[in-house]
Each structure stands twice: as C-alpha cells, then as structure tokens.
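Quick one: structure below, then a few questions.
Chains here go by letter, A, B and C, matching the order in which they are written, and residues are numbered from 1 within each.
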Amino acid sequence: MDKRLHDRKFVRTFFTTPTAESGADDSAKKLRSAIELRGMQAPDVWVPDNEDATAPNMRDEGAENIAEVVAEKGDDFPGEIHPRVVWHRDSPETRYKGFQHMLEIADPENGAVENIDGFVIPEVGDIDDWKKADEFITIVENEYDLEEGSLAMSVIIESGSAELAMGKLREEMGKADNNLERLFLLVDGEVDYTKDMRAITPTGALPEWKELRHNTSRAASAAGCIAVDGPFDDIRDVEGYHDRITANNAMGMLGIWSLTPGQVVEANQSPLPPQDGYWTIEADGRTVELTEEDGVQVYNGDRIELEKEGDTYELEIGSEELQLSEEELVEELVDLTAYVPSMDDIVDSMEEFEAAKEAGKGAIAMTRATTVSIDGVEIDISSDRMWDEATYQAMMAPVALFQDVYENRPDQHDDLAELYSEDVVERAMEVGN
Amino acid sequence: MDKRLHDRKFVRTFFTTPTAESGADDSAKKLRSAIELRGMQAPDVWVPDNEDATAPNMRDEGAENIAEVVAEKGDDFPGEIHPRVVWHRDSPETRYKGFQHMLEIADPENGAVENIDGFVIPEVGDIDDWKKADEFITIVENEYDLEEGSLAMSVIIESGSAELAMGKLREEMGKADNNLERLFLLVDGEVDYTKDMRAITPTGALPEWKELRHNTSRAASAAGCIAVDGPFDDIRDVEGYHDRITANNAMGMLGIWSLTPGQVVEANQSPLPPQDGYWTIEADGRTVELTEEDGVQVYNGDRIELEKEGDTYELEIGSEELQLSEEELVEELVDLTAYVPSMDDIVDSMEEFEAAKEAGKGAIAMTRATTVSIDGVEIDISSDRMWDEATYQAMMAPVALFQDVYENRPDQHDDLAELYSEDVVERAMEVGN
Amino acid sequence: MDKRLHDRKFVRTFFTTPTAESGADDSAKKLRSAIELRGMQAPDVWVPDNEDATAPNMRDEGAENIAEVVAEKGDDFPGEIHPRVVWHRDSPETRYKGFQHMLEIADPENGAVENIDGFVIPEVGDIDDWKKADEFITIVENEYDLEEGSLAMSVIIESGSAELAMGKLREEMGKADNNLERLFLLVDGEVDYTKDMRAITPTGALPEWKELRHNTSRAASAAGCIAVDGPFDDIRDVEGYHDRITANNAMGMLGIWSLTPGQVVEANQSPLPPQDGYWTIEADGRTVELTEEDGVQVYNGDRIELEKEGDTYELEIGSEELQLSEEELVEELVDLTAYVPSMDDIVDSMEEFEAAKEAGKGAIAMTRATTVSIDGVEIDISSDRMWDEATYQAMMAPVALFQDVYENRPDQHDDLAELYSEDVVERAMEVGN
C-alpha cells in the first residue's frame, strides 16, 4: 500500500472554482479564468466545484461548463483536474444527480474526458456509501470504454461516519466487488463536519478538529491515499494560513484546500524547505526569528534580556530572572534556540550521512553551531544530533516532496530555480536515489 | 442514522442521585427530593444511581426505592428517568445482579415502568458485552409485555475496550439478533477510565482524555446517539465546570454529568447562546471580556497598553512592544478581538442568510464592526466573514438545541423567557424550519 | 483481557543494545557490558537490537552473539530479555531473515533459549503481517519443543497501518489459527512513524504524535498488553526525558525506550511516587515547586508578587494585577497551587479510605492544607477532595506499579529502600491486597 496508485505522490493544493454563475454573460467565466493559471498560482489539483460553490439551480449548466472548458483548455493545464459533483449519504436524489453530472462531464462526445483525472465526492457516509459512488464511476468508465479504475475518486470527510470509514479502507480496497483502489484524496471538510458533530463554539469559530486531521493523515498513510485539509476561511490572514499548513505538515497532512490563487501560491510553497536557513528563539511563549549580522544571530526583541555581571550572567525571560554561569547560559540558549535548515542544509546532511553509511557507519552526529547575541552579549552555542537510517528516511520527506513537484510540475521550474539556486535544485533531485 | 431514535435530540444534563442510604429514617430521601426538581434545576436526564453512589449492601433496597418513588411522582417529572444499575464486563455475578434490579424496577406491579425511559449500564467492555445488557433489557421488555426496544440503553464508557466498541456501533446496530437501536447516551466515566488505562499523574488529578471525548462524540454522531461527559469533581469550581462544558461543546459533546442541582443549572444554561453578545480580547495568553461603555468596547486590564505617538501607535502586550501604523494597529486588534454573538445576533444572521438565499445568492459576507478603547485611545475595527450553506448549517446547532429544549422542557419556558426576550424566543423557534 | 498474560504487569524500561560491531576485537562487547547491569541501571526489558542499532552486514554475527552472551550470563540478568530481529511489512526477504535469526537465537544447542523471554518485531504493518511473525515464532517453538505461546512477541508501531491494527487485537487474539495471545509490548517508534506518515517539521524535530500514544495505550488496556513509548534522542536532556515520561504516564503509557543506562535509571524511577511530597504553584505559565521553610511553603520566584494593603491584597501574576479580599486571595491560591503526594501520603490516604469503607461509608472528603508564603505574606489554604471507590482504584495505579516492581526486581530492593523508608515499603506492599 505504500506504493501510491496515482501519478502524484504528493498534492499540496486543492483549488475550487464555481462552475456556473447566473447573471454574468458567460456563466463559465471563473472556470475559464482558473484553467489559465500557471506556475505557483496553479494548484496541484484543480476542482471545478459543482457542489457548494455553485447555486443548486445552476449545477446542470455547471456540468456542461466543466466539459466545455476542460475540452478547450484542459490539455495545457499543468495540474490534475478533479471536478466535485453533488452527493449526500442521506439523499438518493442527490446521489443520482451526482451520477448524471459525472455522465455528462465524462461523455467522450464532449471531448473533456482525457483531461478529467477523477471526481471529488462530498458528504460521504460510511464505507458502503463510498462504494455507491465507486460503482457509479465504474459504470461511467464502462459506458465510455474507459479502463476500470482509471478515474480517480476523492472524498470529502465531513461526518463522523466518514471519519470511521477511513479506518476500514485497507479491508475494503481490493475486494472483488469494488474498485476502491481508485481512491486518491482524503479531504477534510471542517465546516460540515462541525455541523454533523453538532459542535458549538461561543464565537462561531471552527473547532481545531486535531483528531480528525490525525485520523485522515493516518488513513492516507495506511491506504496509499493523500491527505488534504479543508478550506481556511479568512482569506486575508496569510500568516494564519501558513501556520495551519505548518501544523498540518507536522501531522503528515501536506495538502490543503485553497480558495484563491494567493492561497494556492502560499500552499504550494509552505511545505517546501526555505531557501535560506535561519535560527529561532523561544521568547516567553513566542517563537521569534533571529537576525543574522556578520555571522552572528541577533535577538532584537524585548522579551529576553541578557547582561554580563562579572563571571555570571543575568538572563531575563519575560518576568523571570535567572543568574547563570557561562556553562548554564549556553545550555539554556541551546534549549531556547532552534535552527530551521534550508533545502541546501538538508541536502548537505543527507549527503554526509550517505557517505558515512558507505564507510560502514550506522549512525553519525550532526553538529550545529552558531553565535547568539542578546543585548550586545555574544555567546557561542553548539549542539549535536544523532542521525541513523530512520532519521535519514524521515528527513527525506521534504526532499521527496520537492522531487515529486519538480517531476510533475515543469511549469514551476522557473519559480523553483528562482527560489533555490540551480545547483541546489540539481543536488536535491539526486539525493536519496 | 442522523435521525435520532429518541424523543430528545439533545441532552444537556445527566444528574445522578443515590437510591438508598442507611441510617436515615427514609432511605429514599434523596430520590424523593430529586424527583421534585423543576425548571433549570431539573436535568434533561435524571439517573437514580443504584451503582457507585449507593453502598453495595443497600442496592436491593435501592431498586425498590426507585420503583416506589418513580411510581408516586414520575408522572410530573419534567426530564427523562434512566436508573443506573450495576454491571461489570468482568463479573457475571454483577451482571446478573443488574438484571435482577432491572426486573424489579420495571415490574408493572410496582407501577413505575411507564415513567422509566431506560437504563444506564456502567463498566461495559467490548461490543459483545453491550449485547448482553441489551439482551437482558429485551427479556425485561418481553416479560412485562413492553414493546421490544422501548426501553433505552445508555452506557458508561470507562475502559479502553468500551472506547473501541464505539467504533463498531454502526455495524452492530440493526442486526437481527440484537436491539442495539435502543442505545441512547454514550457517557464518559473518566475516573474509572483512568484506572483501566492505568494512568498516573503526579497530583492525582484526572488526565484530560481529549481523545476519548472526541471518539465518544464521533460515535454519537455516527450512530445517532448523544455524547455526555463524566462528572466534574470540584463542586465549588463553577468557572472550571463552565470551561469544561465550553471545551466539550467545541467537540460536539453537548451533555455533561451533574452532581448537584447547582451544576444542573450551569450545565442546562452553558451550551445556550448568551442573552447579550460581547467582545473579548486576547491579553497575553488570557481571553478577557471587554466592557461596553456608550457603544465603545473598553479594555481595563494591565496586560495590554496602547499609546498614540504622533502618527504611530505603541502597543504593549505583556512584555512585547510594537510600533504600528494605524492600519497595522487595526489589523492587530482585529486578530486579538472576537465577538461572542447573542441568541438574537445568531437569529439575525440566519435570517439575513435565508433572505440572501431566496434572492439567489449562495454566499454573503457578514460584517462585524465596533470601536475598541485601550488606555483612552479609541480605534474602529471591522471584519467580514463569508457565510454559505455550510456556515448556516453549522450555526444552526445552538438554535436547534434551543428549539429542542423549548419543545421538550415546558417547565423551563419561564426561565428561558427571562433569559431571552419573548420576541427572541419566538424568532429562534421559527428560524431554520 | 484485564488479566495480563505475562509475568510482568508493568514495564518501565525498554533498553536496546547493538549486537555486533565491526572493528572491535570482540564484536559482542556492548552485549557483554549490558548484561552485567543491575539495580536501577538494569531495565525491566533488555533488547539486544539486531535491527537498526546494528549494521546490516553484522546481523548474522549479531544473532550468534546474542545466543552466546545470553547463554553465558542470562541466568543472572534481573530483567526480561527480548531480542529485536529484522522485519518489514513490505519485504519478504527481510521477514525471512528475521525468521532465520530467531531460529539461531532460540536454538537449544546454543543454550540461550531458557533466558530468552520473547522477540521484538519492528516495522509491522496491518494485523495479517503481525500474524506472519506470530506464525514464525510458533514454528520456532514447535521446532525446539517449546510450549506454544511461551515466547512473547512485542511489536514496534511505526506505520499508520500498524496503528490501525491495534484496534483489531481483541477480535484477532484467541482465534484458533494464531497464537497472538503471546503479544506483550506495544512500542511506539516515532522516527519511522514520522517517515511513514510523511510528516514535515521546519526544524526536523519529531512531531508530538499524541494521538498515536493514546491509541497505543488504549490498545494495551483493551488487549492486555503493555504500552511503551519510543526513544528520546537528546540523551543529555534529562529534564526533557522526565517531562516526556510524566506526559506519557498521564496517558497510561508507563514504559519508555532507554538508550543509555542513565536513561534507564531515570525511566525506572520517574513513574514511582516521590519520597517526599511537595507543593507547586502555577506562576504565569510555568509550574514552580515551592520551598518548605519551617512548615511554610515559600515562593521565591519573580513571576508572582503579593502585598497586603490594609484589608485587601494586591496579587501580581506576570503583568496582571488583582485586588483581592482575603477570601478571594485564598480561593485564587487554592486554584494556583497543587500538592504532589509522596508514596507515604498515598498509602495514608488509601488506608484512610479503606477504614472508612469498612465503617460503611461510600465516599469521604480528604483534606489537604498548608501555609503559603509569597513576598513574606503568609496565607493559610485548604481544599477537600471527595474519594469514592473509583478514586481509590485510580490512585492504586502507582502503588500497583511499585508492588509489581518490588516483586519482580529483587535487585532493586536496596535502591527502593534507600528511596523510601523500610516502613513505607512495607505498608505500600500491603495496601490494596
């Protein structure tokens, strides 16, 4: 199952677009605009959204619009295309409507199907409900002489029963009576999930749903799928979106929904290692980036104060004062600081470990040292980390993501070459292979 | 499964009372007192507790007391009545004793059974253990010519195996050989769960068990049951109890155990939206309520300081100083503040969205604006939130809860009318239908 | 299932040692050194590690070394011995190699098998993969005329599929076609798990994986196994290791991996109650231990300030100032402080409850009182906690752990007698029986 069944091993971005809007002279205007996106603004997976983003009475026209626009411009779109159709675990009427829309979109006479990579099914319930959608897609494939299983199926997890269903995928995929191997993305839908769980917050803000995200990421890992987080509503809040992505990545959820091309750019870049490494310090509850000045890492904030008094040091963190010897101060600073490695640093470390392995060593110590300056007082710090095969494999994740992006998204080569130097790109593509 | 199988769609309060105490001239004294509770002091579910709250040698008498007191006064009690009987996954002796107590309590000759809504089974293990309890209840029903499935069954989740069993409910309910559709409440019992998990904390305080609560809430959502949290021991700590309820609600767990009528009042009110909306601000790690003075929201604490210096502002949060332009200050304050809407506000927003939907719009921006004052400096802030169908549905939860309470608890109408104006009550009962 | 199927009910420490190193004149040097460990430096479970800690080309020799060293000195080793062999859910070649190593280590001709308690299987996948390892161990047992099921099997949970498999143990153990009752330890392996989940953190630090640890602890509780956390890399960071153990214990995970004898000492002692009880205070986000001076608990830090002003008090916590009456101050201090009971205190409380139970009481209030001094101002505080049977049972966990250690580890009696007085040891061994 560790082998992914699809071309993409990673999906960073899941970008939705309304399929038909009344009032405009061209109801497909937004589709036509989105399919022109290229480079960092283009998502890994584009989702013409014939469900929530489109008004119910516009959805038949929406299905036609998808077929028309993808037929025209789908050949040149750099990402995959997975339209979302209507579906509901509690409504046979909605499910039948979704089936009809899939038949329309995939009809070879409309000329779009070669560029339709799969469908996104929202509001699924337990695993038997997933099978109903799978069966409709099988019928679509059979009807149009497509290979069984060639259309991917992604689901939106927005009910407790769908969350539980994810625990059963390994048992159900591969059974003779379904084609669930077509499963591709497991996408959390936190707004509807909140409704289904009947959760209430005082301000109406969305709960964190950390357990849901863990369970989605785990299911993706266990069943060879890809985990994607739901929409982040506050479009202006770039920092908040970035923080959410960072938190998701630490759970193995490397993809996220994007509502605007701006969010697409952010979500395409966030999981990749930075161009330049940097140091941070824990300043009384906040993580603050240090500023490099002539090779020294300088803290310029007000939350930490440091003074040398004879042989000892007075370190003030927030309202707390510590009297420390030089050795104790170094130890405290080692604990407070952290280094965020650049792509270059990561490749360096991996190559160093590969060389050690060839020389017959199973584990080596990687040293990280610098000089930290607070209130003009400069202190040298240094720390070791043991690397063994498992560390090496775990550090491979951001590099493997980069390699997957580079192979599948030639339209982003320029942006990546600008972000990293040519040399780093070349080494990153070779390491681990 | 989304359809609840019981009269109550929501249960806020689960109130336990000892069934028999030795020494008193009337061993059923506490039962007689509890069954007289009305209004906000009366729980949604009352649990005459013939298990832990009653000494082992008093439990036979306790079962008789339950039958006697419910026969006398059960007709007038405003909540449901679900006695807790003894049970243990590891003890056939205890399970047989529980069966005998159920036979006693439900015996039509004792005249209580019309007002017994079901039984609470503690210390259950895996799903097959649940089925044993279900079978005993089926036999009780058959013996006394009650309809099969008419007595509800609630369980206390206080073991790892019971937690895992909750993931199997959807597969087991509806099978021909059981009547598990009678399942009603899934109640966490954290003290015994701590024992079963062999968890140790330095102070002996209960662990948070956040994953357990999530899994209980999820199972309730998936299997059409209702999730209830366990007892909160520190009876004097009203604020702590309220905070626990707020945290539970954000997980979809809207019910909680109550040990005293005072806790019942708090737990009956906490999940309902407040009468008046209010603003809060994040003050260096604490959420503080702002005070309204003439339409301005004033911060009176010491954790945030604000000063205007020419064209710029100096904002101090804890030990951190920020120099900001007016625009940056507004942005910072939008991030720091939040609005807790009143019932009235929620109904307003829902009606506004309903009107927009009728006018053919799928999504509208809801604006929230105010003036914030810190150290005498006044700043206007404003933010938008996009509402679509999913937002509307998610915001329906507190209103649906209110509607359910209003329909099922006529004895609380006066309290609700006092809490909200008549007009708000009327609009809240109509919205969303 | 609550009955543990093994001699040890608790395992605090899981200590790994490389089995063969090239270059040294004696490749088994580290094994020979580790098997001499005694007392607090000796682990509950010792794991000669023929997987990651040993270079691939040294593992055949490693298997021979294990047999040789255990044959020589295994009789005297105070803990259990469970070698780790190679295994991988995705590689039949690796699995066959692991089988061959087990055959070698357990061969009676090598004279080690009487002191081999079981095997540790890393990199398992879903439950059917666990069964393959179980089957190989069954064949080993049969080949060498050992009783079926007599060799324990422990697994390393380092994939999403293995995490899911833990939810199926109750259904699979006891089936006629396997001997999964041999399962002993469920050990998290967070580095490889991070790789399998494809998680990324900016600094390369390991994610917390709190849900994984909960699920492991829950599975151990449900299936009669023992939960053990993975390695803590930063060997110098004793405080960090201690904090991790405390957090694990609150989840019911009482065991942890140890990489050095120093870590073994820390992990053997951390879960046991302290020799002397002490008070702590929440000082603006940090928990600080108070210093006892003549029966008064003194706060000496800078984060809290207290001044008496006439009839009222000014309490400053970080940047927040509170004006309080004496009553309000006492309440605030009750909330801020906590008491960490000593083994002696716990035994006292348990005996007090046992006496009350014999006298026919189901619940009693335990009072905890002291005098707190801040900036020279002394305040008397006191709080009650209700104890019933469930509280008593939950407080039994650290005592039961102590009793298990005392019974199974005579080599630690001296250390325990030094840690606690003889008298406390004696009472702790009697309570609850």
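General observations
The rule is simple: a contact is a pair of C-beta atoms (placed from the backbone, for glycine too) under 8 Å apart; a residue touches a chain by one contact, two chains touch by 3 or more.
These figures come from a predicted structure and were not determined experimentally.
Annotation, chain A versus chain C: rotation angle of 120 degrees from the Cα superposition, expressed as a multiple of 5. In the contact between chain B and chain C, the residue numbers used by both copies make up under half of all numbers at that interface.
Here the spacing of chain B and chain C, counted between their Cα centres, is 34 Å. Among all residues of chain A, those that touch two or more other chains are 167, 211, 285, 318-319.
By the touch rule above, chain C contacts chain A in their complex via residues 22, 52-55, 90, 125-126, 159-161, 163-164, 167, 189, 191-192, 194-207, 211-212, 233-234, 237, 284-286, 301-303, 318-319.
Taken together, the chain A residues at the contact with chain C in this complex read 1-2, 10, 167, 170, 210-211, 214-215, 217-222, 246, 249-252, 254, 271, 280, 285, 318-321, 335, 338-341, 346, 360-362, 385-386, 388-391, 393-398, 400-401.
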